[in-house]
Amino acid sequence: MRVLVLHGPNLNLLGTRETGVYGTITLEDIDARLHDLAAELGVELECFQSNSEAALVSRLHTAPGQFDAVVFNPAAFTHYSIALRDAVAAVELPVVEVHLTNVYGREEFRRRSVIAPVAAGQISGFGVTSYLLGLRAAVELVGREAGVRA
Amino acid sequence: MRVLVLHGPNLNLLGTRETGVYGTITLEDIDARLHDLAAELGVELECFQSNSEAALVSRLHTAPGQFDAVVFNPAAFTHYSIALRDAVAAVELPVVEVHLTNVYGREEFRRRSVIAPVAAGQISGFGVTSYLLGLRAAVELVGREAGVRA
Amino acid sequence: MRVLVLHGPNLNLLGTRETGVYGTITLEDIDARLHDLAAELGVELECFQSNSEAALVSRLHTAPGQFDAVVFNPAAFTHYSIALRDAVAAVELPVVEVHLTNVYGREEFRRRSVIAPVAAGQISGFGVTSYLLGLRAAVELVGREAGVRA
Amino acid sequence: MRVLVLHGPNLNLLGTRETGVYGTITLEDIDARLHDLAAELGVELECFQSNSEAALVSRLHTAPGQFDAVVFNPAAFTHYSIALRDAVAAVELPVVEVHLTNVYGREEFRRRSVIAPVAAGQISGFGVTSYLLGLRAAVELVGREAGVRA
Amino acid sequence: MRVLVLHGPNLNLLGTRETGVYGTITLEDIDARLHDLAAELGVELECFQSNSEAALVSRLHTAPGQFDAVVFNPAAFTHYSIALRDAVAAVELPVVEVHLTNVYGREEFRRRSVIAPVAAGQISGFGVTSYLLGLRAAVELVGREAGVRA
Amino acid sequence: MRVLVLHGPNLNLLGTRETGVYGTITLEDIDARLHDLAAELGVELECFQSNSEAALVSRLHTAPGQFDAVVFNPAAFTHYSIALRDAVAAVELPVVEVHLTNVYGREEFRRRSVIAPVAAGQISGFGVTSYLLGLRAAVELVGREAGVRA
Amino acid sequence: MRVLVLHGPNLNLLGTRETGVYGTITLEDIDARLHDLAAELGVELECFQSNSEAALVSRLHTAPGQFDAVVFNPAAFTHYSIALRDAVAAVELPVVEVHLTNVYGREEFRRRSVIAPVAAGQISGFGVTSYLLGLRAAVELVGREAGVRA
Amino acid sequence: MRVLVLHGPNLNLLGTRETGVYGTITLEDIDARLHDLAAELGVELECFQSNSEAALVSRLHTAPGQFDAVVFNPAAFTHYSIALRDAVAAVELPVVEVHLTNVYGREEFRRRSVIAPVAAGQISGFGVTSYLLGLRAAVELVGREAGVRA
Amino acid sequence: MRVLVLHGPNLNLLGTRETGVYGTITLEDIDARLHDLAAELGVELECFQSNSEAALVSRLHTAPGQFDAVVFNPAAFTHYSIALRDAVAAVELPVVEVHLTNVYGREEFRRRSVIAPVAAGQISGFGVTSYLLGLRAAVELVGREAGVRA
Amino acid sequence: MRVLVLHGPNLNLLGTRETGVYGTITLEDIDARLHDLAAELGVELECFQSNSEAALVSRLHTAPGQFDAVVFNPAAFTHYSIALRDAVAAVELPVVEVHLTNVYGREEFRRRSVIAPVAAGQISGFGVTSYLLGLRAAVELVGREAGVRA
Amino acid sequence: MRVLVLHGPNLNLLGTRETGVYGTITLEDIDARLHDLAAELGVELECFQSNSEAALVSRLHTAPGQFDAVVFNPAAFTHYSIALRDAVAAVELPVVEVHLTNVYGREEFRRRSVIAPVAAGQISGFGVTSYLLGLRAAVELVGREAGVRA
Amino acid sequence: MRVLVLHGPNLNLLGTRETGVYGTITLEDIDARLHDLAAELGVELECFQSNSEAALVSRLHTAPGQFDAVVFNPAAFTHYSIALRDAVAAVELPVVEVHLTNVYGREEFRRRSVIAPVAAGQISGFGVTSYLLGLRAAVELVGREAGVRA
């Protein structure tokens, strides 16, 4: 099983700025934690961060065939990128939307995800654990579909 | 570590009605799956379902001292029970909000959770897996706090 | 054919208070009128009033098997009880929503029914006649389904 | 007792188009069913369909004196014809608003009736039965008023 | 100078129904009062009432050439007839919108006129006097334009 | 008969600024035109302009006893001065709201008058003629009330 | 004179949780303070707390005859319980709505009370003093009515 | 292949009024241009203009059998005529909605078409060319369907 | 202890106009009742009424040092005077907002107070008793702060 | 005449995914169809697809001089890219907005185009035919302007 | 060159209250800083503060002729004083709107300025520097206009 | 002191298109004016324009360490780029938002800046002067912070 992890804009700064909101863990730490869990679950993993909507759209486009599922933190794009929504809807893979913070307890505009309606599900509020649970969810979803196909 | 699992209204019907939307898994199945995982994680578990807002409020009130965290599927109460919101805010335990379905892909009114802003985090869309991930999240949150206290 | 009649909160006060709005007919009068019509139509009837959302949810849960249809005046719950909406959607019986008054001619908030979208139909504004027509509608709906099955 | 039945725009197509939504019953069938019930109830009946708002307004204007009550399916006009609303308010007859389908379970814009606030009551969702119940309601309302006058 | 007076839907009932809201004056009375004032002001007058949006649109279309100004009480059409708005905008005559009642003191939906933005001005709340002032306004507007042309 | 004419804020600049919107007529011209008409109608007139909400409120307070009616152009206060609304409602005189321009054809916020619901009626869009018609309306209203009392 | 004091959901936790928002005073303290003042004012008092909407509705139903007025802190139910609103409207007693905190200075959703429109009045923001003033207001209202009856 | 062209209210004035907005081309010119193109495409054409919603509804009702497709400029009815929307939905022909002007660049209320959701498609902004492209679109849609049936 | 009582616009008319809404008690009566209670409570009192927003703002500015608390009925200014809101926020005294009527049971626009979020608390609906309770609340708040300081 | 065809994000996937919504035609097929028609019309054509908002903005910037008109399917960017709107407004070429599907019959958010107000016109709902008609419209618009210049 | 500086309500308290929000600088300090910069720029300056909307309106009215530009901090009036908006629009001078704080980062209601649409520009968030930049902007605007006239 | 100037999308076209709205000054002119002022103020300056949201996000990310402050005209991104908002919030530098035009006097959607709440302040409406004042503001903000640190 292969899973693609996508990190949206500004997540490259993680752990170095606004640590009061986002904590001191870096994106490298998160990727390392994800690789550890992937190894434990027997999953191949690739992590990709970009500040570019187009780069994320394109990475999603090439995911089918290379990957069985996607764990996606769209960050700021969550709230307005219909291009990413359409890309998520277009790729025929389970996409798990994850957020480090509880977006429902922050500014009003962060409560609306344009991507969630076409994602398989959403996990928010647990910091790096959101990603780890997202990976587990992705594995589960792929297994379930495989079970249906079998 | 002890975790309380709360199931909101109508979840007692799970697996027997509207199986097109909610699947054929029953609440007993979910509780069994949760107990299995709890055993694996070394967690004591209690599961409680009620159609009564007051019963859920009261169960939350008595949770501190008895439990270290709560996994809560408020079902229909998600969208209007400010009484449950206030109860979640009042108990000083991490509360993980879970949903079987992807509430963001259903009717408009299901996209608003009055409880999410005061929950620790939210997991939706993965069926029984939402609960299992919720239990893992709760364990992680308690461990993290314990780490802070230690 | 068996029909369950459900009366929502405050309807127990009918005929004793706010008679300017709701008239002097009591809930007992309504139930008597319903039993008369039921006898005429060859229908077994049970009437149940509760101020408790949970009690109404639970009564709906046990209706299938015991009853063929439900006539339901959700009263104040009409406007916010998504728990009752979900219960109505879950039971696979025709549910006829009735209101004594013309809710569309009263306060703005009374014009929205969260239950109507999942009810079979709605009758409002005719006083006790709303219930009597509701019973006729329920009988008709059950007969129609029986015809389909036959 | 004399009752006028008014059918709004596009109802002349009933049973011949969009049968998935509206069924295969024709307007002639409905009128026949209404006449049968009218005969049973000792009511004189006239049925009138028009696609013209003005024709319906004018038919309402001449109803007092000729009829004791009106059963009215305003169809599309339900949602915007304030001219019909004002006509309903102006004629001093009980007007029962009926709908074949459950308008509350369809498109958002169908949930608002500009006519309901000035109608005596509303019945929706029961197909031809909505009309039959509407006729019974009209008879009941006229009888009640007669009782008050007597 | 020639002025066309247009009366919208239901105004033919004036003085015979809902006299509590609209008073006992009839449309004939209003037209008589208008003709008296027209005679005093040396104005030729034609009065036209219709319940039909199309008839009013068409009457407006033929007004230029025949009339120098229009006094128009669109009644219920005030609030939704964009067809009449477009007709008012299309004819190159001053159109004075008049209302018998103070529409701003009634139901919320009566506070919005889709016609007012393209009318020359609006007069509301003075009963038959609204029409009489409207005629004076029309005469003034025509005179002013004539002055500009001269 | 005595009539008070009230001019709201910025109207003292009339004819000297923004002549493209408001024309070249000055407030003195308007008052002169009003006095001429008042003389013709046998009415005593007083005109008062203020940029101060409090001054206008106080002038309204002292109007009963001194005047029989008020012609009021609240200008910018039209859209937010609930203090003036309450003053208009409190004085038991007919108050005619007038506007030089067609406020319904200008910015969105000018379409809402907080005063109109408690005024006797409203006249807008005719320039100085709005005032003159307002004076006629006031005279008519006082005469009508006098007739009722007589 | 007899006064019923009703406490809504979660108020049983008062003084033990979220003391930063609600202070350290307990519900027992409040009841004691109320009994002291009642004694001083010669009023019989009963205090009742419930997390159950139905229990509060039912307690209100039985209040007439037993009590002359009600002091009611609906807590979370303030914002959505139309069932309680209808119960308050149905009982023909003065009901004084009280809140410990200034609900207008907290979250947006706390600024709307569905109960206030049918209460006699509202007192918010003074902690336990809100209750004490509420008791005084209730006494005053009963005295005033008694005065009217005398 | 036979195509019906429907022109909505006020379009009969085209080219004679408001030429600044709509240009100097007349409805006759448009029909001539359409007939030329129809001849070129081997299409039989009928053009019908009405200011009457009812006439347009009725013309749509009789179109099936007589025509294979409809090109429809609903003009002002675009924005509120649910009767026309229902007629478009009822006739089982492809209906192409066309507009002379770019309705999205005009007043806010012109941006909402109640008809578009049930039309096959929409073309706006190209003057007479909107109609010509609409005719081509209609021909294409009919051909496509014929292809599917063949 | 010294308390300033501020009365907003139109309150000078109290008892002389709109007695159906506001009763027959005059502002002088209210001030007298307040002085009586002040004497009883050992409080020095000054009462000030103005129809001028600026005068009320300025009176608030000079209150610190002269007074320990303010009882303020902003009347119409409640709903829009952000200048008064900022003045209330700026003076470092407890300000108790009072209203004679139950503003939540009147027009929609009266339900929003721009001042309440920065007031200490709010009392509405009890007539002159609102003021008296407001004075008691003010005394209590000052005593509490004094207790904290002591 | 030279025309630039711009395809927005995710359109590169056309015909390979979500074929239920978008059909099996590929972007290459569309471009081929467009080139065929361009040849027939004597038009030079260039087609450009990008998932990048910036790339599309930049391609628009360089269009003047190279091209006489643009046919643009902004896809997801239709609904939020004000950068593209400003680019469309800035280039002084006719831009025809096209959509494969009827965006007015899909999700609510797809009904708003931020680009349409500054486009020359819009064509939606006809699949590849939308593009072909768009090309014809562009040719027509350029010819018309050329005619004006000539 | 002469510039008028206007300070709105409550700004007289600057530096003495709410120093956490507005800092410790006083209005006198601001005026001194402005005079220093004015001297440096060769500008004559007058500063005027008022809590009275009417006084500010009147000061604006007399500005033309006396001053070449205005720097205006409307404070609370920013959000509702249409009277001041109309005054700004009426005086034919460049008016620069300034705010000490970043109004877009504070309460929702502070994000709307009714004055900004008719001001020349707006500067907010820099404390006293907002005024100093505002003065520079005013000087620049006057110079630019002078250049145009020259 | 070093300041980064960021120009958003379409600003590269400045002075060459839509000169009626944006004037004839080019971006090069603006940068030259900024360099002149920077030299005068002893500031090192770098200017960067991009049509790419990602490029602007990335330029902001690398600004800390290289620059002491940012002057940012987000152009179209002002209204929807939450990615840029988050980047502005993340970099711990003062960011001054500038706009050439008065965005509050243009289309409704331009009145909302998603970036302003996290910027230090905003300057709009003064053409190139907005940038120059923005540079002065940035210098002032850096100096102030340096003063705090010193």
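For clarity, chains are labelled A, B, C, D, E, F, G, H, I, J, K and L in written order, and residue numbers in each chain start from 1.
Throughout what follows, a residue touches a chain if its C-beta (ideal position, glycine included) is under 8 Å from a C-beta of that chain, and two chains touch if they have at least 3 such contacts.
In this text the structure is predicted, and so the values were computed from the model without any measurement.
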Neighbouring chains shared between subunit A and subunit F, ordered by label: none
Separation of subunit K from subunit C in steps, with touching chains one step apart: 3
Shared interface partners, meaning chains that touch subunit B and subunit I: G
Same or different residue numbers at the subunit E/subunit F copy interface, by half rule: same
Distance between the centres, which are taken as Cα means, of subunit J and subunit C, whole angstrom: 54
Centroid spacing, where centroids are CA-atom means, of subunit B and subunit L in whole angstrom: 46
Whole-Å gap separating subunit K and subunit L, where each centre is the average of the chain's CA atoms: 23
Touching two or more other chains - residues of subunit B: 52-54, 80
Chain-chain contacts as defined at top: A-B, A-J, A-L, B-C, B-G, C-D, C-G, D-E, D-H, E-F, E-H, F-I, F-K, G-I, H-J, I-K, J-L, K-L
Touch list for subunit C against partner subunit B, complex: 52-54, 57-58, 61, 80-83, 85-87, 89-92, 114
Touching residues on subunit C, where the partner in the complex is subunit D: 102, 104-105, 111-113, 116-126, 129-130, 133, 136-137, 140-141
Residues of subunit D that touch subunit H when the two form their complex: 8-10, 12-13, 17-18, 50-55, 75-77, 79-80, 109
